[in-house]
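One structure below.
Per-chain numbering from 1; labels A, B, C and D assigned in written order.
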Amino acid sequence: MGLRGLLGAAALAIGALTGTSAALAQDKPAQLKIGITTFMTGPASVFGVPGKAAAEQWIEDFNAAGGIQGVKIAPVYLDEGLGGDNLLSEYRRLVQEQGTKVMLSAISSGNCNIIAPVAEDLKVLNIMWDCSTEKVLEERRYKYVVRTQGNATTEMVATVMYLLKVKPDFKTIAVVNQDYAWGRDSWEIFRNTLMALKPDTKVVAEMFPKFGAPDYSTEISRLSALKPDVILSTAWGGDLDTFVRQASQRGLAKKSVLVLPLIESSLERLGSAVPDGVIGGMRGDHYFLHPEYRNDAKHKAFVAKFRAKTKTYPIYPVYHMVQALEALAQGYEKAIKANKGKWPTTEQVAETMRNMEFRGLTRPIRMRDDGQGLEDQMLGITKAVPGLPFPVLDKLTIIPATLTTAPVGQRSPEWVKTVKPELLTSPLIKTYGDTAPPAN
Amino acid sequence: MTVDLLLLALADGVSYAGLLFLVALGLTLIFGVMGIVNVAHGAFFAFGGYTAATFVVALSGPDTPAIVLLLALAAAAILVGLVMGTALEAGLLRRVQDKDPILQLLVTFAAFMIFEDLQRLIWGASPRSAAAVVDSLGTLELFDVTYTRYQILLVPAIAIVAYFSLRAFLRRTRIGKQIVAVTHSREVATALGINAKRIGWFTFVIGAMLGALGGALAAPVTSLVPGVGTDWIVLSFSVVATAGLGQITGALIAALIIGIARSIAVYTMPELEVVVPYLIMVGVLLVRPSGLFTVAQARRI
Amino acid sequence: MSALVRTEKLSLAFGGVVAADAIDFELQAGERLAVIGANGAGKTTFINIVTGFLKPTSGRIFIDGKDVTALDPRRIVRLGVGRSFQLPQLFLEHTVRQCLELAIVGKAGRLGFFRSLSAQADQKEIDHTMELVGLRERADDLASSLPEGQRKLLDVAMALTLRPKLLIMDEPTSGVASEDKHDLMAAVMRALSEREVTSWFVEHDVDIVTQYATRVAAWISGKIAADGPPDQVLADPTVKREVLGVA
Amino acid sequence: MSTNLVRTMVVIGALAFLGLGLSLPWLKTPAIFVLSYGLAALGVVVMLRGGQISFGHAMYACIAGYTVAFLQRAHPELDGLVLIIAGMVVATLAGGIIGVFVVRYRAIFFGMLNLALSMVLFSLLAKMYEISGGTDGLRIDRPTLAGITFDRSGYESALLIGSLVAAIFCGWLVQRYFRSAAGEALAGIKTNEARLEYLGLSARRILWSGYVISAALVGLSGALFALVQGLVTPEMGYWLRSGEFVFIAILGGSVHAIGAFMGAIVFTVIKLGAAAFLTGVWQMLLGITLIVVILAAPTGIAGLLRIGTRRAPEGGAR
């Protein structure tokens, strides 16, 4: 049967295997299998684990209330901490082998970049529930990929606007971002916006330590010596915890204003280590002390139940997870209505989710035609308050997404250069006074 | 790169070199006696760090004196060194002593994989830190930059103390001399009646303790996450290879070179910070294959 | 006709120890030289220098009139110098046949990447050489399974298969059982005379020296103390005292 | 005796791979990983034959993978086969150049220098975000294969067939090399390098040719991995990946080329099996397996099955 015979057999087999993909499923399935990728290991697990808890809690309540017209949601969780290539193999296995119809992925912008084209390939609806790199949806039109939260542009432009409102006369700025897609892209947009609105600002240092880099001491020494007026870091999770802890140990916040757009997710963990006067954000308007929604029934109930279960207040990945699941449920409901009551195909749901409005726990989100969600941004300044072991975000300001997001079809790095200073005085921006600590 | 920036870079560099040296010292000591590069050395670092973090978190109250926390770090290092060192040496390496050195190296690689998962099973995946130690020691000003006493004074001091006490131990005590004898030639030492097995175990535990001490001292300044051991293995390799395997003084100098070069890179070319240790390692190995401080032995036929 | 091997003022010192002290030496084609001397007198070191394994601190080495001082062993071997070792240097994880095959293929210089080693090697030549040294029935055994004596034989056989002009043997009979010593030397000398090969061998056994050598050189602490016909050198008083230990 | 055993195992193995691919579509990608890891381990086995262990060989998979990614970014229309060959060629060239320096070293220094070089490559790739996409790596869109455009499952099947053919062909070629004069001389370096020099052979040149062959094999593995994964990341060149290749080589055994593929099968089955059922302990399971193999069967699976032993070289004395 030598080598030649083998090669002949192989050529024959090639024809048999290239069959077409699965036929269109019409009838209502027993359950809706969805895959959720989150960080269960590594520095980002401080993010991923609460996100998973939020999903479990929301799905449990949702299924109890009857699910999508009787169809319960069956989640499977994948660990983004295993690295891009392992995640990809598991992602494919879930879709190809276990017939998962919807994937909520991912947290890391790097993983979103990897997964989007594969989702399109596998024809599975992929909701980007927490990653924010704008490049994914701006570089290519996807049919099966949507994002139910804001992107880097929405957040960075809002952060620059808030910084210029609170500290209009600063001269020098330094940046210490994580060295991967999010760190690099967010700085590019922040810098272009800043140069458009305040061209005379001088960037004194640009540092990108390794993602998961455990020790910032050398970077902090350099920042202490340079004494820039403003220090920006879009780090998050374990990395942000280490940076803030070491910065406060060495009094960095006394000499420069820290701008930490993702600080809300670390406040409770860091507690008193967070100095006052830090400009902070929450990638959206996700704050359990949200001035407009702190007493909203749905929001209060969820926060109370989440706190009972996890002993911690919900942080913004929790809100983003709820938003993604709400969007999924409302997407299916609308698609079923449009499909005269019959169970919709993945394509129909993906289409319906493009131009719909839905509400998570705070302000409603409007989904655009390119699959990008418009999510208003809220920022504040940290202040220690009695009765709460960690600081609150004071002087809250909400900046609508319509002002800070690149229109459909435009590339953000170029669009942000056209941002005008008049934007700062837009009447749509709402500002609130002091934030009172929670009642209980 | 003004002069005071250079001095700042030196301060950070020396502190980082302290950690690097302690971990590399354990690795090079074990190589000297056992003749193998212990790939599982990073696991000693990781377990040392995690144990230290657990002890410090358990002990640290609002007014716990610094000395108690420091003793907790030392206790963690000694405990981890003893338990893991013995488990690896007596449990595994003794069984493969006569096997091909490639297989001995791989046994330590297998042990590393086991410890990696064991660590996640015990401590989970969320980051741990022992920051309380740093807070308890306060800060000091250097060229009007605030440094923590822990990082600028304590870590380098412990590294220097470890260096001199180990050198004195090897030169003046009985067991120390036996270790040196076994390092030079296990056969001759055994022929002279030295219990090479006991010396091998003893040195391995000392090496493990040093690796664990590196981890324990790193816990207060970093957040420990799964995979921290993996980076430190390769970093300690870069120090040991640059110095020359088995060279203790060489390891101190190599750690200083790499630590300071890395710190200067943060000030001048931050992009290259991560690459610097390996660039130095490649540079040195290309010029002096057996490291800066080892004399190449001629082959005998 | 210039000397097969010539050295001028060849010297080498390891730290304080003088291993070779400005040695002038010549070996003509056809000679059968026995080298005697106490341990550590520099016999092996001299061979190591001449065959390029060690670089001398000063002096020059010529083979067939060609200056080979700077060459490494590989190039010197190509000039027709074969060498066997005091401690047999074999490919322990290969069979006896494969060791010889590697030697023959090495001689040819081109190593095939596709045809098998046994196909590329001249099996007739290998069988003949094995016959010569009496290793024919151990052909397919691993070199590591051979006793010390047969390892010596294989070591010499590998040098022989290179068809050298000069065969240097470093204590070929040490480690060989005393009754086999003569059979070994007889076999080797038969092979050498078959192909007019000059031989230079280090030997401690005086009987072997007298029976097989046409010339004897005595090494004492890095210098050649005496050099000439066997009976003349063996009778020399300093050689008797320093080398042979006879009162 | 041993060659027939090997031939039957190759045929059974090939049919099993194709059969599994047919019935369980999701198994195609892992099956290609097995073949890719097997090829890389085969590269490491070539070095092991020369008595050298390298903890940096994954850098050649990384070089090949990034070559495929950069090439496709520059010329999206290029066919998959062209990409694979280009990746393999660049890795081989890199192996040739680096090899010139590396072959001067032996044992632990050989391992250390390879490790250091791979870590320099790994750190640079992770750092140069604009060029190499940093730690997120570069995406690779699905190219045509032999001119044919496939959908995802057809593409995976075609790659599976391609990898299978490549694996069998390379395995056969490398096994011939092991038995050849150059291959046996390489094995001679392991036992007695000085003797090689005294046979007029340059140990460095012999080791260099072995090094280039191993770089080509690991390069091919990297190119295949990149195409099936659709993504290249610096992790492809991390020292842990090099360690895994050595692991597979020892597990499978270096007495015969087929050992590397056996090792790859066992490695992947344990890794996938453990990941599916006992999440989070697959590394521990692999570690335990390696220790058991080293203690019980140091010559690996192939050694256990007495394949390609020295006792009777092919066809005995002619």
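For the reader, a short list of remarks on this structure follows.
Rule of thumb we're sticking to: a residue touches a chain if its C-beta (ideal position, glycine included) is under 8 Å from a C-beta of that chain, and two chains touch if they have at least 3 such contacts.
On a predicted model such as this, the values are computed, not experimentally measured, just so you know.
Nearest to the global CA centroid, when each chain is reduced to the mean of its CA atoms, is chain D. Centroid distances built from C-alpha atoms place C farthest away from subunit A.
Put simply, the C-alpha centre of subunit A and that of subunit B have 38 angstrom between them. For the pair subunit C and subunit D, the distance between mean C-alpha positions equals 43 Å. Here the spacing of subunit B and subunit D, counted between their Cα centres, is 32 Å.
Distance between chain centres (mean CA atoms), subunit B to subunit C: 50 Å.
Taken residue by residue, subunit A touches two or more other chains at 41, 208, 210, whereas all remaining positions touch fewer.
Each of the following residues of subunit C touches two or more other chains: 53, 89. Counting partner chains per residue, subunit B has residues 120, 271, 274, 301 touching two or more of them. Against subunit B, the residues of subunit A that register as touching in their complex are 40-43, 45-46, 49, 81, 205-210, 212, 214-215, 217-219, 221-222, 224-225, 238-239, 241-242, 245-246, 249-252, 273. Partner subunit D is touched in their complex by these residues of subunit C: 51, 53, 72-74, 77-78, 83, 89-95, 97-98, 101-103, 105-107, 109, 111-121, 123, 139-140, 142, 158-159, 162.
Contact residues on subunit D toward subunit A in their complex (touch as defined above): 7, 10-11, 14-15, 18, 21-22, 24-26, 29-30, 33, 126-127, 129, 133-137, 139, 141-142, 150-154, 157-158, 161, 164-165, 168-169, 172, 229-231, 233, 235-236, 275, 280. Considering their complex, residues 176-177, 179-185, 187-188, 190-192, 194-202, 206, 209, 310-318 of subunit D touch subunit C. Considering their complex, residues 48, 51, 53, 101, 104-105, 107-109, 111-113, 115-117, 119-120, 123-124, 126-128, 194, 239-240, 243, 246-247, 250, 280-284, 286-288, 290-291, 294-295, 298 of subunit D touch subunit B.
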